[in-house]
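Below you'll find the structure I mean.
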Amino acid sequence: MLQVNDIESGYGPMQVLWKPSLEVKAGTITSLLGPNGAGKSTLLGTIFGSVSPWNGSVIYEEKDITREPTHKKVGFGLALVPEGKHLFPNMTVEENLYMGAYLKRAEAHREDSLAKVYELFPRLSERRAQMAGSLSGGEQQMVTIGRSLMTKPKLIMLDEPSQGLAPLLVELMFETIRKMKDDIGLTILLVEQNADASLKAADYVYVMHEGTIKAHGTPETVKASDEIREAYLGL
Amino acid sequence: ADSIDIGHPACLSGKYAKAGEQAVAGIKACVDWVNNTYGGVSLKGKKIPLKYTYYDCESNKESVTSLIGRLATVDKVDVVFAPYSSGLTLRGAPVTEARGMLYMDHGGANNKIFQQGFRYIVQTIGPASSYHRGTLDMIHKIDPKAKKVALAYEDSEFAKMVMEGAEAHAKELGFQIVFKRTYPKGVTDLTPLLSAMKATQPDFVLGGGHFEDGQLFNRQMADLGIDTNALSLIAAATLPAFYEALESMAEGVMGPSHWEYGVKYAESEAKKVGLPWIGPGQDEFVALFKKAAGKEMVPDYHAAEAGAQVLAYVLAVEKADSVDSATVRKALGDLEFMSFYGGWDVDENGMQVGHTMVDVQWQKAERIIVWPEEAQTGKVCYPMPTFDEKAKGKVALP
Amino acid sequence: MTLLQLDNVTKRFGGLVAVDGVSLEIDTGQFVGIVGPNGSGKTTLFNLISGVFFPEEGHILFEDTDITRMPPFKRAPLGIGRTFQIPRPFSSETVRENIAVGAMFGRMGKELSVDASMEVADQLIERLDLTAHRDKAAGTLTPIEKKMLEIGRALAMKPKILLMDEAMAGMHPSDIDQMVAFLKQIAGEENIALVAMVEHIMRAVLGMAEKVIVLHQGAKLVDAPTQEALNDPRVVEVYLGGAGGK
Amino acid sequence: MVFEQLAGNLFQGLVLGAVYGMATMGLSLIFGVLKVVNVGHGAFVMVGAFIAFWLFSALGINPVLAIPVAFAIGLGLGLLFYYTVIQRLIKAPELATLLATFSIGVLLQEVIKLMFGSEFRGYNWAVGKIDLGITVLPVTKLLACLGSVAIAVLLYLWFNRTRAGSAMRSVVEDSEGARVCGVNVGAAYAWSFALGIGLTVASGVLLTMFIPVGINPYMGGGYTLKAFVIAVLGGLSSPYGAFFGGLVFGLIENGSYTLFALLPGVEPFALTRFLSFVILLIILLIRPTGLLARK
Amino acid sequence: MKTKLIKYYPMIPVLVLYAALFLVGRNVSGMWQLVAMLLFYCALGQAFNIFLGMTGYVDFGYVAFMGVGTYGMALAISRLAHIENLGVGIIVIGFAMAMLMSTLLSVAVGAVALRLRGAYFAIATIGVNEGFRFLIEGARIWNGSEGIIFMAQLNQILGREAASALATFWADVIVLVIAVLAAMVTLIYMRSKIGYALTALREDEDAAKVMGINVTKFKIIAFITSSCFAGLVGASSWALKTPYVFPPEVFEIHYTIEAIIIVLLGGAGTLLGPLVGGLIYGMSKYYLSIFIPGFQLLIFAPIIIVIIVVFPEGVIGMLKAKTRNTAVGRYII
């Protein structure tokens, strides 16, 4: 479904990605692991287009979308939940969520999607009329994810969704991710520090370090390799 | 030297661009006349051409001094023409004074410039305090019943000085000042002031300050339907753009002017009063001006003043037979002459006292000189038609 | 000895009671974890202690001085340091300068010259393993590096109490362990009497806290030694869920 | 007498205020979306004034019809300057855009001066007056006022009821967030800027309907200043706030004259200006983010 | 000891440039008045940078401090002229008045406006500038809009020769001294806790507060320092060189914008920036107005746009980033 080939990119003159390649199969959860600063967020950003790629290609549903603008990509069903909470602080929770359904394609399913998001995060439905900027950190994380779900994505890329969530919610989050795959049929590319939970949820795992893919395989093989666990996952 | 050099930090851009443009073309026109018609300045038995060097000071005081510095030292000019406005004229004065250079003022009307002890400054434009004298004299003469005068000027050093002069003269003539107010520079709505003025029911109104507020003043008097026997606005009413903007609303509106196309100054006139004459005739000046401007532009009094200043300088140089500033300055002090601009004479401080202003009135889209009587190109229309009548197409005719 | 005391402190936002009559005591030298579901008022509590907001009711005492309404910049010199949940470094300054600023205006600020502060910064940079980034502008760091920087900056203030708001969220597990060890060590050495931290990462809480205060809907639910608190069924129910204290 | 004058002035102030308000909406919009303080604001107002003047005096086109023309030209200028200048500076320090917009303003002034000269122009479009007893109101002023209100309402509807409007609102809040929602952020910036400039140029036409004289390349400076103050009164990033601020400003400017005129030895007109700035400061002290700003 | 001195190395290029300017002005014929203009712009930039550059707050009403400084000098000269034997002392009194008045105004404005942030601050200060001017005109303070013209008094007190030399030479030298002093103060601030506090609050005021920084205090320090220098620049470059004061000319917001341009062209918050910015700005203006009188702004505006697009951090800002951690970098901040 998504294929990244030898992509290179970075910030200003500084190169961060050194030709990592990876593939995400439809209907799976693919997990991307690696230490801080490995370039995971940069990779997601480059796929999505908020970081501009220098070289290499991104193929999505057999189309080369490397240089498509981000709004087109969202239109194709590619969603990103960015790290750090980029929500609309002076809009209410509900307005934020509605913004997720901004594109025509998503607008048609707006009420539906909204109901699903509230089902996933009941807390948001309690806070629907509150300004998003005044929510607690965890609540904001929920809004960000919910908003991306509102775009009716086919493939959703989550950048550390459990960051800042209470343990109860972390658990819920992973459950949600699984549900998103099973019930909605979403394909998921997941970046997480929580390697344990992440390995548990994933169908396939890539390990990234210093801008390149160091290893990949099923969770079992990755877990089995002491070398990987020690060098990159700190388990 | 093979030329006599005039230097000029001109206001070609910035807030005085409009007057600056006029001045530059006026100077060019007269330089052209001196060099080509007059044959050059007679100096020590030779005919020497004038050379005019100007830079753009952007109506900015820092540039005025730096450019005068350059004109004095790099271009080594013999005389500096001041930029427009009293402020900028004052800014340049210390530099020319320090170098003992002649400094000629054609756009700074503030009387106080001449009370500062500057020795090299000489004025061509008349002092601000005299702007509204003529208007008052005229109304005093033609309408003995008119008693109540309203004064409403811009709140600026120049207009205030005009207002003071007008107030003093009005009192001398026995008028009663029923309203005396100012409005700030750059106003966009005069409604409150005009409404208050309306309530005092003046017989006639004197005021103004600059171009834009003058237009606004007239326009809003029309909007509010404030009718008086006469309305005279300084600095604005005499310009063609004034009528273009206001059309029929400007009918009958007057303004004092240092010079207007149509004034009757000519060589014959000069003879009558026993003054020497120099320079192009009126039509000749206008033609030269248009040539210098390079576009269809009508000279106004800023151009005439600046041009007349060239002539004054030429006469003084010839009289002194020198370009030395002190000598020429002295000659200027003794000089009295007439040109297309009218009389020219300065007092011991360099302030212009020999030039009489005229009063102009818009009549049937023409600028008619209605005062003083000896300069008249037509009789005054008094009282002017009401704004309602004008809106219906009535023009101001005597 | 009681270092920090909160007495029935309440903070409202409009109709919402973000902190609801919380009283607590923290002793000198105690490591305290503050946990609670998202939105339970933890960050707000920190904001009240550090002076970003003032409470509507109640009192805050630090070393027996009432600081309830003291402006924030006066609290830092008393020895209250904090990090922000979303890091807020001074982006255009270098890492070194950022940390030095902490030293300059912190508890020892009056005694430290600019140069001396730079030295303090250098030491901390080494210990925090930020040497490679020393002269980089802080704005160019990754979020995690920014968090490290924030911790460094706060430590440079030589606080008696260090309030850390989810300083370790997003950190790699091995880094968390390192950080915990480091904080414990530096707290011992440097006279930092205590670290109070808000954390959702139980690995860090367990590794560090002697006692845990659990907030729920703005109010204090449990205040007990770590293990006891985390095993409390109410805490499991509202906060930990099935994962327990792992 | 005094009361009649006061009432008349207040009424005139309200009418003028509506036009002031409209003339500030573009500034607020651009600040709201791009965080760019358009120091060249007045120059765009001036361009609008020249459009109205030129269409009327050269082609005899009714100024009301000049509004859409000016708006379209404004959109074009906005896009032009956005893509050539502003876009490159969005990520630069805030002050860089301030300088850039100032220079754009100067450039416009000089270009217009080259085209039209530095004469003070005006046009005389008279369609009668209404005598209200307390004051006399020319129909052109009324039209300018109504036009301003209409544009403000349209903008409100557009902002809150259309997709493009909500896209802009989201970009204002968080551009990265807008991006993940599928908003074309680049285009939203460009069009917000263009719309802001379009409104500003159009307001130049409305202002000339109100004050059809004094049209000059350098006329904009005063409007920039006024617009800043009005924008802040209204909360700076809210175009409707700006409209409201305009009304307040117009009322103060015109209304206080009558009262100051009762004091001896002062220049009441200058004091009305003084008062408006004092009120600005007071408002900022009480509500540091303007009258209508959301917290 | 050496390390102590190293911190002040950046003053070297500043001093070298100012000295060069002075020498060129003295020795190259026709240059002095140009140098005077450049010095004015440099001093203006240097003074404004202490506040704008170091705090990131844009004071749109900055010119007001130059304005009251000008009034300070003008009032001293015009009101004290009758006192015998004051001589040059009157100039000293004038500068003292200028400092006092600009400081008083800055304390008053600072106490009110510095509570505001960002654009609100900027616009409140416009309000101060305009409001102050209209107060002077409206309440007819200090002669209202007629202003004060005082060359005659200056002549009377100092004698014609001295007054003339003052207006055409010494006033400019004083401006030079002010510029150098402002640069020194900038560097001293930068190297002291004040500088670090200001940078911190420029970046994140709330975080700075929690770090123990009394942001109000440091903002006020920078504001007063900067305003006081503005008052001095007004007193010398305006009052002494331009022996009159008319309210609309000394409260003209255009000068604030020029100051912003200068600081930005050079690089806000840098030491050398305002100087370089002032030179670029002044020279372009001067030579353009000589070579294409009347059209210079048409060319100048696009040039500024290009410079700012290419160097959004200013010329020195860029150079500083490029030379960071190099030997040259030690001199450029």
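Here the chain labels run A, B, C, D and E in written order, and each chain numbers its own residues starting at 1.
Note that a contact is a pair of C-beta atoms (placed from the backbone, for glycine too) under 8 Å apart; a residue touches a chain by one contact, two chains touch by 3 or more.
Since the structure is predicted, the reported quantities are computational estimates derived from the model, not experimental observations.
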Open item on the list: Return the chains shared as contacts by chain C and chain E, ordered by label.
Closed with: none
Open item on the list: Over the chains that touch one another, what is the least number of steps taking chain A to chain D?
Closed with: 1
Open item on the list: Farthest chain from chain C, going by the mean of C-alpha atoms per chain?
Closed with: B
Task: CA centroid of chain A to CA centroid of chain E, Å - done: 51
TODO: Could you tell me the distance, in whole angstrom, between the mean C-alpha positions of chain B and chain E?
DONE: 36
TODO: For chain D and chain E, let me know how many angstrom lie between their CA-based centres, rounded off.
DONE: 31
TODO: Could you give the separation in Å between the centres of chain A and chain C, each centre being the mean of its C-alpha atoms?
DONE: 29
- [ ] Give me the residues of chain D that touch two or more other chains.
- [x] 110, 221, 267-270, 273
Task: Interface hub residues of chain C, defined as touching at least two other chains - done: none
Task: Shared-contact residues (touching 2 or more other chains) in chain E - done: 134, 137, 144-145, 297
Task: Those chain pairs that satisfy the touch definition - done: A-C, A-D, B-D, B-E, C-E, D-E
TODO: Write out the stretch or stretches of chain C touching chain A in their complex.
DONE: 13, 16, 35-40, 43, 85-86, 140, 142-145, 166, 169-175, 177, 200, 202, 238-243
Open item on the list: Can you tell me which positions in chain E touch chain C when the two form their complex?
Closed with: 3, 191-193, 196-197, 199-200, 202-204, 206-215, 324-325
Open item on the list: Using the touch definition from the top, list the residues of chain B that touch chain D in their complex.
Closed with: 13-15, 17-18, 21, 155, 181-184, 186-189, 191-193, 195-196, 199, 211-213, 215-216, 218-219, 223-225, 236, 239, 241-242, 244-249, 297, 391
- [ ] Spell out the residues on chain D that touch chain B in their complex, using ranges where they run on.
- [x] 1, 5, 8-9, 12, 16, 57, 110, 113, 117-124, 126, 129, 131, 135-136, 138, 141, 207, 211-219, 221-222, 253-254, 257-258, 261, 267-270, 272-273
Task: Residues on chain A engaged by chain D in the complex (per definition of touch) - done: 48, 50, 69-71, 74-75, 79-82, 86-91, 98-100, 102-103, 106, 144, 147-148, 150-151
